[in-house]
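What follows are several structures.
The same chain A turns up in both complexes below, where it pairs with chain B and then with chain C.
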Partner chain A sequence: MFAHYIDLGWRSFKRTPLISILMVLAIAVGIGITMTSLSVYHMMAMDPIPHKSDKLHHPQLNTLDDGRNWNTPDDLPYQLTYQDVQNLANAPVPALKTPSFRTGFSVHMNSPDVKPFVESARVVNRDFFDMFELQFIYGGPWSQTEQRDASPVVIISSEVNERLFAGQNSVGKQIYLDDTSYRVSGVIANWDIHTKYYDLNNGAFNDPENLFIPFSLTAVKELASWGNNNGWKRENIDTFQDKLNSEELWLQFWVQLNTAEEKQEYGEFLMAYMQDQKAKGRFNRENLEFGLRNVVEWMEYNEVVSEDNRVLVGISFMFLIVCVANILGLLLAKFLRRAPEVGVRRALGASKRQVFYQHIVEVSMLGLLGGLIGIGIAQLGLWGIRTTYGYYSDLATMDITMYLAAPTIALLASFIAGLYPAWLVCRTTPAIYLKSQ
Partner chain B sequence: MFEIKPIFNALCRSKVGAILLLLQIAITTAVVSNASFIIYDHVQYLNKETGFPQDELFRFTVLTFGKDRELSQQFELDEAMLRNIPGVINAVTTNAVPLSGSGSSSSFRLKPSPEESESVNAAYYFADEHALETFGVKLIEGRNFLPEDVRITNTIENAPNVAIVSKAFAEAMFPDEPALGKNFYYFGDKPLKIIGIVDTMLSPWPRSSRPPENTILVPMINPGMYQHIMVRTQAGERAAIMRQMEDVMLDAYNKRVIINIEALDQVKQDYDASDVLMMRMLIVIILVLVSVTALGIFGLTQFNISKRTKQIGTRRALGARKSDIIRYFLVENAMVCLGGLFIGSISAVLLGTQLMQWYSIPALDNSYVAVTALAVFAMTMLAVVVPAKRAANISPSIATRTV
Partner chain C sequence: MLKMQKINKVYQTEMVQTHALRDFSLEVNEGEFIAVTGPSGSGKTTFLNIAGMLETFTDGEYELDGVRVGGLNDNQRADLRNQKIGFIFQGFNLIPDLNLYENVEVPLRYRGIKTAERKRRIERCLEQVGLGSRAKHLPQQLSGGQQQRVAIARALAGEPRFLLADEPTGNLDSLMARQVMELLEQINRDGATIVMVTHDPELARRAPRNIQIVDGQMADFTLYQGAAEHAVAMEA
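After this line comes the complex of A and B, so read on.
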């Protein structure tokens, strides 16, 4: 029966080609526009590390004096001070944890063979690689001893390795970052993330850094932050040591808490830490407050999905509704004009359900066709986005979910549009039409 | 005269078609008026005067890794060398590049702390006496920095005590009196005396909610390992000069890397890319939406007419003129359309308030709703005329033939 309905649907399509093509186009354009904005939204909002996003947490401490505000909904600063980060990193809590910030260097080999180039670098503890699941091609993280002694070691990306060592195993070789020679401890594979969720401060969709060095080098090398540095208090900061001792907020911190109990305990630890600090004269406020958000919550808190994009998704869905209303009207026209024919079929013994089913199959065919063409239109739209805005080049693509979503939404839309006309036509009373023929 | 009552009764008998039309018109009005307002808001921003001759300026960044030279001396030498290149008007080192999206801002106070006082947020540019000519901003009051105003320092103790401010900042800080010669305060109690006022000079983030017109120039140089340089050239020579910039700078000293050599109009374009994208997408949506609605109305009218062939024939046979038939459809459409526009305008205003509440979009101007409603009305009427004319041509004999 199903094949027969498809055949009937195809005949019907051919009988009124103009109106049928119009309907398919309406669905296609609706799906095309909706999928374009939805794909970008989907890529932006997507969980970047689904199996672990509920374990990785970013603590926040409210270091601000009472009465001071921050531009977050709960007045907690996004970043942390150097003293707090040091204390949290050194605390005897049995969890993977790492401070983190972005800096940068001129990379060269101290020889005229390689022209110096600039790379940004991430300054972290060795747990970082385990926590964020970076894959090593050669070597591995620096050792605990190297981390403690602030040894000049570096982990480079395969891209830098390609540039400096033609992709050979470079573990143990020396490279220059500014004026210091660093030993290569490992080479990581291409880190394929499109949301830089571990540091959302300066463009959530920028590429990850290509160099990684131990956090213990911060004080030794007086590493400047290539990110946000927010002071909130009047402090004279003339030297780097002043900055390290100050209340300036410029560092991120991540901790891996595998279970709800661990999270609970870590929260208690943070509270105890703040009380201890308060006793030492910091955290000058009535209510001590902290935040402990996991990756998904952190992305939401940092408003990773841009405003413009939310507006666009909303508008495109409204647009889809207009398309559905349109198709509804056209289907009504098409089906009702066919009422005499349906009358004959009903008289010959087709049940209401069969007539209804037949029309729904026909509508679904239109929807599916529209959905497929819609994918093409969405690809065109995404290409337009990529060429207009290079920053979105990794985001303006469709993944498998979106490829499946397009025909699903199209089918759903056409189904909604077809429901009423199909119901109307299946209620046709055979008698009237038999009489007039 | 318009037979409104019978037409309305007829409409009530085929509700679905009318409701669909009404819905489409309502959504179209709501979306198009809001989208066109957002587009207008974006266009207005994109055309805003920045104060900089963007086609004459370019910027680049120097990362010095060599430790064997004193940076402030090196940059003095570099600037002098750049100014000697034919076609270059002037060059200056600065802490932030205008219109680039990255820079620094601070709150400046009317009175020294700890006194209670109003404060005004402004972006600041650290640069020497060459900044005015390099930036190409217009001095409208007071004077430029003198070489002795400029401090080469990184400590607060030696910080400068004069500043050139933008007109907008001067008016925000001193709303009721002339600002020239007055002091305002930074770092709590360090005074800055206003010695010059410039016309428009936008901050590095022209799209920000912090007023981008509020900017100040402070005569301080603190060259770092990561240093921006701005160069102003004759417009026609810029491309050629930019091409040789890396070699020229590395020839002067090679323990450094030159990056981000970029024309200022390109810098602005990159900064605006997301706005342009949003605008393009909205324009596409409006165009497609309007044409889909027009087609839908066309189709529905067509359907209505084909359903009523006999009725039209009968009316014609009973003496109705062609113009009566056309008028019938126009009036019918106008009634549905007005209903849709009514609902659409209300939802447009509601949508506008919602958008304003959630997003940083200014309040929807009601004239946009009115103009959109008029345009949608005209469009639907046009979409009806053709099918209505065809309907009028239905011969009365059809009515008698098939009953």
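After this line comes the complex of A and C, so read on.
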């Protein structure tokens, strides 16, 4: 019977093409708008590393004196001081941990053949590549010795490798970052992440960096931070060393904690560390507080998906509801005009349920068609966002979930719109129409 | 075949109550051909709709082929209607988008009959009404008489034991009306029970049994002379 209902639905479409096309377009526009905003929201809110997002954690330490506040819900600063990061990085636990901050260089080959270009760089420890699962095309992370000795080594992205070495294996070759020559230790594949979750300070949706160098170079090369540098007390910072010794907050730190026990132990370690620091004259506060959030919690804490985005998605769904209301009106007109035919079908043995199914199949067909056209409209909308706002270029796309969501939402919307008209038409008293036809 | 006892049908509006049928009782035996006559608004069509389970009744007892209709839900009534009853309407009530083959197919689909069996029945019924060669035509390409013959074919396709005809010749000229009536008589001779509502006294006279409905009540049983002759002819 289902195939027969599809046949009847198609005949009905052809019988009233204008009203049918209007309904399909109404669904398509509603779905197009909804999927555009929902796709961006989905990409923003998506877990960027689902298989280990519960293992990667970002610690926070409340270094502020009593009476000082921070603009976070729990008053904990987002970032850490250099001295805390150094201490945490040198601690025996956990096995995998890395400081992180953003800097940048003028990249060149010290020859006229390659035009210099400015590129941002991430300053990390070698664990970073394992923790965040970066894939190497050539070579690998720098060695422990190179890290300890602050050797000038660099890991470059495939994009930079293409630019400087035409995509050839460049491991062991030298490139210049500002005035210093760095040896290429490895080349990583394109790091395809929609949210730059490891550093949410300067635009959560910026592209990942193309250069990675050891954190031990920070003090040696006096690397400037290209991220947020937050002071909260009066300090005289005249030299780079002053900055390193200060309470200025400008670094991120990530640890990998594989189990709940490891997380608890690390929490206890952080508390013990703060008590030790307090004894040394820092952490001038009565209640010592720390934070230890995993990736998803960290993204929520940093409000990666802002309230505005949620409101936008809400508004687009309301627009879809308006479309549904319009379709409902059109369906009512269309179905009730067909009441005499329904009367005949009922007289010939169709139950109310069969009449209802027939009409629901018909509206579902309209919904499916509208959903497919809606995907096209959503693609157009996303293209508009990509071309207007480069910052959203990686976010304004549809993944498989969204491709499946579009027809599902369209089907659901059309089903809701068709429910009342189908119910109404199946309740018609056949006798009335049989005589009057 | 059909047994109605003290059937009442009341249409209730805010202002008035209208008794369409009052204590209406009727028994129809297997193989009968009954003409139901009566003035406009007397309750003929209400009786037919209740007999065909297209309308419910307010109170009373109705049994169709041994099944008490009063206790059935909508789905059960639809099933029973589909299996036991064939309808023929004054306005033919063919579905305009469907060709003749598909129109005749409608009740068979709802009964869940397989494609091959459907095809066999449809072709046989269209042949029976003389329209076998026009199966692919749309209703609007036929004359009124031909459309009514398609409606009869549709009613017959389900092989019903009970045919309900509501003014089956009402929209036809006299020649076509006679042809349709002859077809109904043939169907009756083949074994189907027929109840036909009509305004036409001439047609009514051709039925072996006549009943009249006046003001929702059985007014009189009249066995016309012509009908008696018909019955004699049938027996012969």
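Assume the second predicted complex is superposed on the first by the 432 of 437 C-alpha atoms of A that agree within 3 Å, B and C clash if a C-alpha of one lies under 4 Å from a C-alpha of the other, contacts with A are read in each partner's own complex, and residues count from 1 in each chain.
Here is the rule we go by: a contact is a pair of C-beta atoms (placed from the backbone, for glycine too) under 8 Å apart; a residue touches a chain by one contact, two chains touch by 3 or more.
What you are looking at is a predicted structure, and each value in this text was computed from that prediction instead of being measured.
Asker: Quick one: is A:T429 in contact with chain B, with chain C, with both, or with neither? Answer first, second, both or neither.
Answerer: After superposing on A, A:T429 lies in contact with chain C but is clear of chain B.
Asker: Return first, second, both or neither, reflecting whether A:V118 touches chain B, chain C, both chains, or no partner chain.
Answerer: A:V118: touches chain B, not chain C.
Asker: Could you say whether A:N169 touches chain B, chain C, both of them, or neither, answering first, second, both or neither?
Answerer: Once the two structures are laid over each other on A, A:N169 reaches no partner at all.
Asker: Would you sort A:I385 into first (chain B), second (chain C), both or neither based on which partner it touches?
Answerer: first
Asker: On the superposed three-chain arrangement, identify whether chain B or chain C touches more chain A residues.
Answerer: B
Asker: Contact-wise, after the overlay, does A:N258 reach chain B, chain C, both or neither (first, second, both, neither)?
Answerer: The answer is neither, since A:N258 touches no partner chain.
Asker: Applying the touch criterion given at the start, work out whether A:C323 contacts chain B, chain C, both or neither, answering first, second, both or neither.
Answerer: After superposition on chain A, A:C323 lies in contact with chain B alone.
Asker: Check whether A:V344 is in contact with chain B, with chain C, with both or with neither, and answer first, second, both or neither.
Answerer: A:V344 contacts chain C only, not chain B.
Asker: Could you tell me if A:N284 is touching chain B, chain C, both of them or neither one (first, second, both, neither)?
Answerer: Neither: A:N284 stays clear of chain B and chain C.
Asker: Where on chain A do the contacts with chain B and the contacts with chain C coincide?
Answerer: Overlap of chain B and chain C footprints on chain A: residues 436.
Asker: Once bound in the complex, which stretches of chain C touch chain A?
Answerer: 45, 49, 52, 54-55, 74-75, 78-79, 81-83, 87, 89-95, 97, 106-107, 109-112, 154, 158, 166
Asker: Per the contact definition, I'd like the list of chain A residues that touch chain C in the complex.
Answerer: 1, 4, 11, 15, 340-341, 343-354, 429-431, 434-437
Asker: Which residues of chain B touch chain A in their complex?
Answerer: 16-17, 20-21, 23-24, 27-28, 30-31, 35, 38, 63-67, 113, 154-156, 187-188, 224-226, 255-257, 259, 273-274, 276-278, 280-282, 284-285, 288-289, 292-293, 295-296, 299-300, 302-303, 306-307, 355, 358-361, 402
Asker: Write out the stretch or stretches of chain A touching chain B in their complex.
Answerer: Those in contact with chain B are residues 19, 22, 26, 29-30, 33, 36-37, 104-106, 108, 116-118, 176, 178-179, 224, 234, 236, 238, 306-308, 310-312, 315-316, 318-319, 321-323, 325-326, 328-330, 332-333, 336-337, 381, 384-385, 388-392, 420, 436.
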